[in-house]
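Look at the two complexes coming up: subunit A is in both, with subunit B in one and subunit C in the other.
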Partner chain A sequence: MNVIEVQNLRKEFKSYSSRSGLSGAFRDLFTRNYKTLAAVDDISLNIKQGEMVGYIGENGAGKSTTIKMLTGILTPTSGSIVVNGMNPHKQREEFVRTIGVVFGQRSQLWWDIAVQESFRLLKKVYRVSDEDYNRHMGHVIETLEIGPLLDKPVRKLSLGQRMRCELAAALIHNPPLLFLDEPTIGLDVLVKLKIRKFLKEINEQYKTTILLTTHDLTDIEALCERVVLLDEGKIIYDGKLNQLQSQAVEGKQVEFEFLTEIAKNNLVFLPNVQWEQKDATTWLAHVNGDERLVSQLISLVVQKNPIKNVRINEVSTEEIVRKIYEEGMALA
Partner chain B sequence: MFYVSMFFQYASQYLKTRLTYRIDTVIEILSDLLFQAVNLIFILIVFDHTASLGGWNREEIIFIYGFFLVPYALFSSFFNIWDFNERYIVRGEMDRVLTRPVHSLFQIIMERMELESLFGVITGLVIMGYAATELGLTFAWYDVLIFISMVLGGAFIYAGIFISIATIGFWSDSRTDIMPMMYNIGNYGRYPVNIYHKVIRFVLTWILPFAFVGVYPAAYFLNREEWYGYAFLTPVMGIVFFSISYLLWNAGVKRYRGAGN
Partner chain C sequence: MSMYLEMIRVRFLMMLAYRTNYYSGILIYSINIGAYYFLWSAIYGNNEEIQGLSVLQMTTYVAVAWMARAFYFNNIDREIAAEIKDGKVAIEMIRPYNYLGMKTMQALGEGIFRLLFFSVPGMIIVALVFPISFSANLSTWLFFFVSLVFSFIVNTQINLLTGIMSFFLFNNTGLIRAKRVVIDLFSGLLLPISFYPLWAQTVMTYLPFQAISYIPSMIFTEGFVGKEIFNAVLLQAFWALILLIPIRLLWSLAKKQLIVQGG
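Presenting the complex of A and B:
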């Protein structure tokens, strides 16, 4: 069953560019140069129940705009959106009852009042019964370890504490679908791990579907099997994360640190291997091939020259994504 | 029903916050009182120089001012969303509001309420009471109901105008200085409209109908029969202007562009 069905979704923003100089400003008064920018350009996307999907892209790629359309905040310019069987913008008030939203850079909680008061108010807003609240939130509060924070006003919490409370607040009505926009921005590793663990848990326990945008690709690696990669408002990759890795990376890097200085002609030359000198005793081999070639290379080099250290560098997702943005990517 | 209970939820939350800032609250009430006293003194000074203003004497003008304070207090307690653009559009708080299952305007009214302004109701009633005794006015039992409907009408007119202006923020996020101007124009409704030029009178009656928040409804209680027609229009104008602002709001929400991160 698809929780999110998006077809040919498009969102345009009209902006005007001002002319230069005083006379230009005067002309702007009467006629303006409007430019239409498509922040989201013809996106189609289906997400099944229980999936955890990472939605990634550079700043301005259209991630937030998509999320805002999926949550009913923005009206699409064209295209159709069906989320939880509803049209988010048209049936907004009924629809938002079935989703949870966390914006990492904006607080859902009331600044001046204690966290539990915010929870109480949200409980009323979402019309959650006492039994449901106690059963569900008791667990959430325990897992996120926010029990001791409940009687403190939000303004006195640290970012990590606040974020855990935000997450709990988004789950008060136990929504089947959760949107997280940069939920780990600015958090330290420990809090990140806690949040990831928690997300995995609710995903397994309640089959909660999670759509996550983040700049921190380690979040995605830890949580999402599927990634959707966005560039200039278009989806450029939609599929498994590990497939993205194997498709995007040609080969590996092997770093040899030798005991003595080595001249280039003392190295081993194989087809599909390129050498690059890092410093006097260190050479980098770019291997364009599979593991067998790598091991063959290492054994040959070791036989010929005494070495101090060998390191095989895996390319991280971060680098892959950077590479994709720099070079573009033709994907089947 | 849900909205009534939500109102009490928000109100109790508001009071809790207010109790943590007790001194602020007292200062706000005192500064409101001071402001009202200055307005009253202004009326007294004007009448040191003249015995009547367009055929209205000093106590009548004071009565109108007292009446005006009551709908105005309701307006400032609940509909005073002058910082809507800055707070909700520019800072993007509107995103949060739109992800909750309650009408967005209702949520914002609840979040921006300032219950201490309700103190103005008391001030207004005291001032009206004083003027009424001076004038020897008598009231029938049904005047209470008429009073309530006219006060609500006036508060809704104010609310309608200010909400409509706030919705400009959905179309343009540049800062406008219309809000302070409106507060000034609103004050004209406290004086008899027949002292103004007829263009201004037309504006205050039909375009920015602030006259319905002061002089027109007060004329009913002052037994000025020539103004009765206008006086009884007050609740109608309230409903019309509030409905217009509500429709503008809903249209505006569709246009909402969101703030960048």
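Presenting the complex of A and C:
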């Protein structure tokens, strides 16, 4: 069953450009120059129940804009959106009861009152019964370890403390669908791990569908099987994360650390292997081929020269994505 | 329904958290009432009454007008504008409630807080310092409170309208400021409507502003009697209904128009 169905979705922003100088300002009074920019450019996307999808792309790619349309905050310029069987914008009040949203850069708790007062208000807003609240939120509060923070006003919390409370607040009504826009922005490693573990848990326990944007690709690696890659408002990849890895880069790198200094002509030369010197005793081999070629290379090199250390480097997701951002998907 | 009550409670709590702001407020209101008291005493001179109001009624009018203002006054127009400007309105749109309804409840929480901690003690202090007449008539009090509720409603509706305008204008501090001056002038806070020249009075009957301050103050000072009271409250109710129309229209336009600023 599809929780999210998006077809040919498009959002244009009109931006006015001011003419320069006094006469320009005067002319602006009557006619304005404007440009339209398609922040989201004709995307189609289906997400099934229980999926955790990573939505990634460069700054300004249109991720937040998409999420704002999916949550009913913005009206699309064109295209159709059905989320949880509803039109987010038309059936707003009914629809938002079925989703939870966290915007990393924006607090949704009331700044001046204690966290638990915010929770209490949200509990009333979403008409959650005392029973459900205690059972569900008791667990959430425990896992996110926010018990001691509840009686503090939000403005006195640190970023990581606040983020955990924001996440808890988004879950008060235990929504089947969760939108997280950069939920781990600015968090330390421990808090990140805690949040990831927690998201996995609710995904398993309640089959909660999660759409997540982040610039920290380790989040995606830890959580999402599927990634959707956005570039200038267009989807350029939609599929398994590990396939992205194997598609985008061929081959491996082998790093040899020798006991003594080695000159280039003492190395082994095979077709499809390129050497790069890192320092006096370390060389890097770019192997364009499969595991057999790699092991053949290693055995030949080791016979010829005494070595201290060998390391086979997998290319990290981060590197792949960097390459894609830089060179486009053509590479894959 | 209970979430709206909860919102009133939360706003009340917020006001309590910042209650020190209010000590300065009491001072400012007292100075205003004092200044107008002396001004009106000078204007009256030896006159028994002007435009049907005695000096005593006039003093009472000034005091009650300012204290009522503490109740109906709120800054939700500025809050709406700020929430649009910094993009906070996005959060409001993902809540299963009516944004304007919630804003109204926040205003009410604020109003009730000020009524209890500001207007009531303020009125007692003012009554000790200046000669003020309190009606002994229960129905006067009753009508006064009904009309006070309407003045809150009408003023809040006008604030909502000004606030919604920032969906279209984006920067509407000018409009908000102008609205404030217009309300202070035309609501009867500074000068009872009956003191304006006749043509101006006619114009003002077609505007909602006198429903905000003039009507409750006139009821309190018993400047209105008998059927006048009834008609005045009816006029307030009329405006409270009429103003719903532009609010509805503008709001449905605004939602389509909404652009959320920032990431």
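Following the convention adopted for this analysis, the second predicted complex is superposed on the first by the 327 of 332 C-alpha atoms of A that agree within 3 Å, B and C clash if a C-alpha of one lies under 4 Å from a C-alpha of the other, contacts with A are read in each partner's own complex, and residues count from 1 in each chain.
Going forward, a residue touches a chain if its C-beta (ideal position, glycine included) is under 8 Å from a C-beta of that chain, and two chains touch if they have at least 3 such contacts.
The model shown is predicted, which means the values in this text are computed figures rather than measured ones.
Superposition of the two structures on subunit A leads subunit B and subunit C into a clash.
Judged by the touch definition given at the top, the superposed model places A:Gly160 against neither subunit B nor subunit C. By the touch criterion defined above, A:Gly79 reaches neither subunit B nor subunit C. Residue contacts after overlaying the shared chain place A:Gly239 against neither subunit B nor subunit C.
Of the two partner chains, neither subunit B nor subunit C is touched by A:Gly50. By the touch criterion stated above, A:Asp112 is placed in contact with subunit B and with subunit C alike. By the touch criterion defined above, A:Pro176 lies against neither subunit B nor subunit C after alignment on the C-alpha atoms of chain A. When the two complexes are laid over each other on chain A, subunit A has residues 13, 64, 68, 71-75, 92-94, 96-97, 99, 101, 103, 105-108, 110, 112-113, 117, 121, 124-127, 181-182 in contact with both subunit B and subunit C.
Across the complex, subunit B is touched by residues 13, 64-65, 68, 71-75, 89, 92-94, 96-97, 99, 101, 103, 105-108, 110, 112-113, 117, 121, 124-127, 181-182 of subunit A.
Residues of subunit C touching subunit A in their complex: 2-3, 6-7, 10, 13-14, 17-18, 87-88, 90-91, 93-98, 256, 258-260, 262-263.
In the complex of the two chains, the subunit B residues touching subunit A come out as 2, 5-6, 9-10, 13, 16-17, 20, 92-96, 98-103, 254-258, 260-261.
For subunit A in complex with subunit C, the residues that touch the partner chain are 13, 64, 68, 71-75, 92-94, 96-97, 99, 101, 103, 105-108, 110, 112-113, 117, 120-121, 124-127, 153, 181-182.
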